[in-house]
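You will see two complexes here that share chain A, one where it goes with chain B and one where it goes with chain C.
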Partner chain A sequence: MTWLPFLIIIPLFGAFSMPIVSLIGGKAKEAWATIVSFATLIVGIDVFREVWNGGTIVYTLGAKNPFGKATFPIRIVWEVDKFGAIMVLIVTFVSFLAIIYSIEYMKHDTGLEKFYTLILILELGMLGIAITGDIFNFYVFLEIMSIASYALVAFRNDTWEGIEAGIKYMFVGSLASSFILLGITLLYGQYGTLTMGYLAVKMSENPTIVAKIALALFLGGLLFKSGASPVHMWLADAHPAAPSSISAMLSGLVIKIGGIYAMARVVFSIFSPAVNLTTVGWIIILFACITLIVGNAMAVVQEDMKRLLAYSSVGQIGYILLGLGIGMVAYGTKIGEVALAGAIYHTVNHAIMKALLFLVAGAVIHELGTRNLNELSGLAKTMPKTSFAFLVGAAAIVGMPPLNGFASKWLIYESSALFNPIIGAIAIIGTAFCTAAYVRVLFTFFGRPSEKVMNAKDPGIAMLLPMFILVLAIVVMGFFPWQISDKFMVPAARALWDVMGYIASLMGGG
Partner chain B sequence: MNTVYALLGVIGLYVYVSIISLLFSGIDRKLVARMQRRVGPPILQPFYDFLKLISKETIIPNTANFMFKAAPVLMLATTIALLAYTPMGFAPLFATKGDIIVFIYLLTLADFFLVIGVMSSGSPYGRIGASREVAMLVSREPAMMLGVFAIMWGISKLGVQKPFSLSSLYEHNIWELGPMAWVAGAILVYVFMAWLASEIETGFFNIPEAEEEIAEGTLVEYSGRYLAIIKLAESIKEFIAASLVVAVLFPWQVPIPGVVGYIVNLLLHTAKVFIVLLIAKTVFRAVTGRLKISQAINILWTRVFAASVIGSLILAMGVII
Partner chain C sequence: MKRALGFLSLLVIFAGLMLALTPKYGIKFGFGGDDWLKYRYTDNYYIQHGVEEVGGNNIVTDIVFDYRGYDTLGEATVLFTAIAGAIALLRPWRREKNEG
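What follows is the complex of A and B.
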């Protein structure tokens, strides 16, 4: 008996019952969303524990095993390996905190029953991507996630920027999704199956040009979703326009799940037996280097706080892509393993610290009503707790040793320097820009108080609590960097490489 | 149990270095006075200053935020932590593979905390001092990092237990690497002396705290206890920076076993630190004035960093050939 289906059932039930629950009025919808997301967090923790103790979970929808009377999988399967379990845990954790935060943050907005429905659907879509083992099911969850995020970006539809960013995100996002759908169509036409593990088997028997075209379409679509550099423009508009709890989820989770996780899953679990990983890896490394430099350099010149954080997210995605790319090129070596473990570790760390930074930005906007950094001078005088949270988040994202960002970045630096010193140098240059950007914000926060900030005060407990839980997570994870890396991240990286294991648990288990 | 001994060691070193470094600044002031035909203060003057500052009233500006009070403490804490990684004539107490990065990080972090504290005062003079401090910080460290990494890389080629640890400096040194390394060593002596002078901000580089220009710049708003803490931390940091120079360039020790060996080596190390500081601080500050910030940055990049690059390349060639 696995708890895995409840990962989808609970948020789905929560989202669909939200319109009815909100009829009660009062605070019922907030309470309901909190309960539902908390229950999902509990299930997420249990699924994580289950995968870690018992190995990959394979779950078939509708029957005992995916085969029926055939010799190949005919049903939708969910397959959660170690990497998937890590993503499940981080998604449920950050979503729960974002929902608690929204209670106070969103109280001036209207139409909140729709907001909480959408936020639960967003969580549902992300969880679905993390657990699915079926490529079309993956597309469906990707669209659930994407459409919920289009709607949430444009949630404040009385502001011009919300609508503008929403339209931009939706137009290009739909195009990217259709690339992925086209890739799936091609694969289905060529190989006649939609199960990821079985697709890998069929493809390794008969690698065709169609598979390569499909891979190119997948990579194009998923690089868009992750906000890699030539197609990062939606991100810089969507994050500032969205409500801050949504920015935290978009930047912390959506670009990781819909971009990085999906890319790793598609490349390793479907295509790695059939295509040349070195080529794919170098393509990703190329985009990673551009992303690193562009994202971090653009962050330095921003004057809008959330825009700065958005560009910084682009820059950090560059590090993760770099680790992923090296993990592909150096497949089967120690360097590749370290790089891939670093990429996974940084995915988790960045989700935590960027969620924290966006929640801080949200608190500032909530209290002061401005995002312009030039007006925020001396914030630490009147909002000390918020500023302290920002200090911790900024130090972690730059990679200061006692905090969690250090170990993950170190793994990526170390592997990239051993892999190719030029790439290592590019990573260091990216960090230099990143440091400059955050030091600039810190200097603003700790400067002379401007008149505008003199009347500000720290937000209430519902907003501070999620921030300080995240601060605590950053600090505690910072104390055990190598233990976490050896115990969780390296096994997850090995599990991702182990395509045979992935296929075997699909075909043998069930 | 080892951790407990190491912690006791750090506390012991902290007490020792606090006293010695304040004592050196007393000697320094006396010597500079003598160079200018003055009598100068008594050698124990820094101790009196410290005690007086501790007992004075501490004034907090009303534009200051929480980091104004936290930064001096954090700065001192960082310098104390740094003592655990500083070579003191024997291998650092917490020496591990790659601890040079921790050393450089903590050394920079101490300055960074000072800058944050000064920024937090809300004083525009403090702001100017802080931005100068950051500009200097960014300009001076690359030269030192390149030099240290080059030397440690060269030493690691000779076979050491912990590569890129400050403890490896006591196993082999740069002067064992042959004639080309001697040339490189001579260049790096210049680089490290210039770095030390800019790290402790004396002579040419006494810019962030420039009294006459921006009224003590960085320290303008600090008074009482916090000023005492900062002065103490800066003085310890001075000793630590000089210790790095001594350990990298002149690490010769006497091989005496046991506790006596540690004490003798510590005293020998202290004597070497005094000589290095005498040149880089006392003489340098007596014979030169201050530069403009733009000139200082220019010098650090074009003279010091360039020399570091050349020295490291010569060293690398010497090691490879």
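What follows is the complex of A and C.
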């Protein structure tokens, strides 16, 4: 008996019942969203524990095993390996905190029952992507996640930037999704199955040009979804325009699940037996290097606080892609393992710290009504708790040693320097820009108080609590960097590499 | 310049897709005989066992509501999300305090 189905059932039930629950009125919708996301968090923790103790879970929908009377899978399967379990845990955790934060942050907005419905669906879509073992099902949940995030970006429909960013995001996002659908179509036409593990089997028997074209389409779509550099422009508009709790989820989770996780899953679990991983890896490294430099450099020149954080997200995605790319080129070596473990570790860390930073930005906007950095001077005087949380988040994202960002960045630096010193140097340059950007913000925060900030005060408990849970997570994870890396991230990286194990647990029937 | 590059890359993508759809190199069309079992084994299974396993005479509904019912649930969720999103975005604007 596994708890895995409840990971979908609970948020789905929560979202579909939200219009009815909100008829009660009062605070019922907030309470319901909190309860639902808390229950999802509990299930997420249990699924994580289950995968960690018992290995990969394979779950067939509608039957005991995916085969029926055949020798190939005919039903949709869920397959949660260690990497998937880490993503499930981080998605449920950050979503829960974002929902608690929204209770106070969104109280001046209207249409809140729609807001909580959409935020639960966003969580549902991300969980569906993390657990699925079926390529078309992956597309369906990618669409659920994307459509919910288009609507949430434009949620404040009375602001021009919300609508503008939403339209931009929707037009280009749908194009990227259709690339992915086209790739799936080609794969089905050539190989006749939609199950990821079995697709890997068929593809290794008969690698064709169709598979390569499909991979190119997948990579194009997924690099877009992760906000890699030539196609990061939607991110820099969408993340600032969204309500801050949504920015925290978009920046912390959506670009990781829909981009990084999906890319790792597609490349390693489907294509790695059939295509040359070195080529794919170098393509990803190329984009990673551009992303690193462009994202971090653009962060330095921003005047808008949330836009700065959005560009910084682009820059951090560059590190994760770099680790992923090196993990592909150096497949089967120690360097590749360290790089991939670093990429997974940084995915988790960045989700936590960027969620924290966006929640802080939201608190500042909520209190002051501006996000122009030039007007925020001296905020530390009047909003000490918020500024402290920002200080911790900024130090972590730059990679200061006592905090969690250090270990994950160190793994990526170490592996990239060993892999190729030029790439290591590019990674260091990216960090230099990143440091410059955050030091600039900190100087503003701790400067002389301007007139505008004199009347500000710290937000209430519902906004401070999620921020301080994230601060606590950053600090506690910072105490045990190498233990976390050895116990969780390296096994997850190995599980991702172990495509034979992935196929075997599928064909074993689970 | 950007536009020209865009058209150029569209051409490349189009050429790639055409290559993938050329029967000599890529996907074949109109499967029959051995090719049917080689490339469409899953479909063949649904056609042969659909009626006895699921009980419906319509294979398409057998697939979308039983074998792949989870995808249909997902599609229903997409529709629900789209409606929730549309009515969320088409709601009236927030009033200023002095107006309301």
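In this text, the second predicted complex is superposed on the first by the 510 of 510 C-alpha atoms of A that agree within 3 Å, B and C clash if a C-alpha of one lies under 4 Å from a C-alpha of the other, contacts with A are read in each partner's own complex, and residues count from 1 in each chain.
The rule we apply is simple: contacts are C-beta pairs under 8 Å (C-beta built on N, C-alpha and C of every residue); 3 or more make two chains touch, one makes a residue touch a chain.
What you see is a predicted model, and the numbers here were worked out from it, not measured in a lab.
Is A:401 touching anything from chain B or chain C once the two structures are fitted on A? First, second, both or neither.
In the superposition, A:401 contacts chain B only.
If you stack the two complexes on chain A, which partner ends up touching A:209: first (chain B), second (chain C), both, or neither?
second
What is the contact status of A:172 with respect to chain B (first) and chain C (second): first, second, both, or neither?
Neither partner.
So, A:384: does it touch chain B (first), chain C (second), both, or neither?
Only chain B is touched by A:384; chain C is not.
Please determine whether it is chain B or chain C that touches the greater number of chain A residues.
After superposing on chain A, more of chain A is contacted by C.
Of the partners chain B and chain C, which touch A:148 in the superposed model: first, second, both, neither?
second
Would you check which partner chain A:290 touches, where first means chain B only, second means chain C only, and both and neither mean what they say?
Neither: A:290 stays clear of chain B and chain C.
Regarding the shared-chain residue A:448, is it in contact with chain B (first), chain C (second), both, or neither?
In the superposed model, A:448 contacts chain B only, not chain C.
Under the stated contact criterion, what part of chain A meets chain C in this complex?
By the definition above, chain A touches chain C via 12, 15-16, 61-62, 68-70, 72, 74-76, 108-111, 114-115, 117-118, 121, 124, 128, 136-137, 140-141, 143-144, 147-148, 150-152, 154-155, 157-158, 163, 166, 182, 186, 189-194, 208-210, 213-214, 216.
Which residues of chain B touch chain A once you look at their complex with the stated criterion?
Against chain A, the touching part of chain B is residues 63-67, 102, 105, 109, 116, 119-120, 122-124, 127, 130, 134.
Which part of chain C faces chain A closely enough to touch in the complex?
16-17, 19-20, 25-27, 38-43, 45-46, 49, 53, 66-71, 73-75, 77-78, 80-82, 84-94
Which residues of chain A touch chain B in their complex?
Against chain B, chain A makes touches at 378, 380-381, 384, 387-388, 400-401, 439, 442-443, 446-449.
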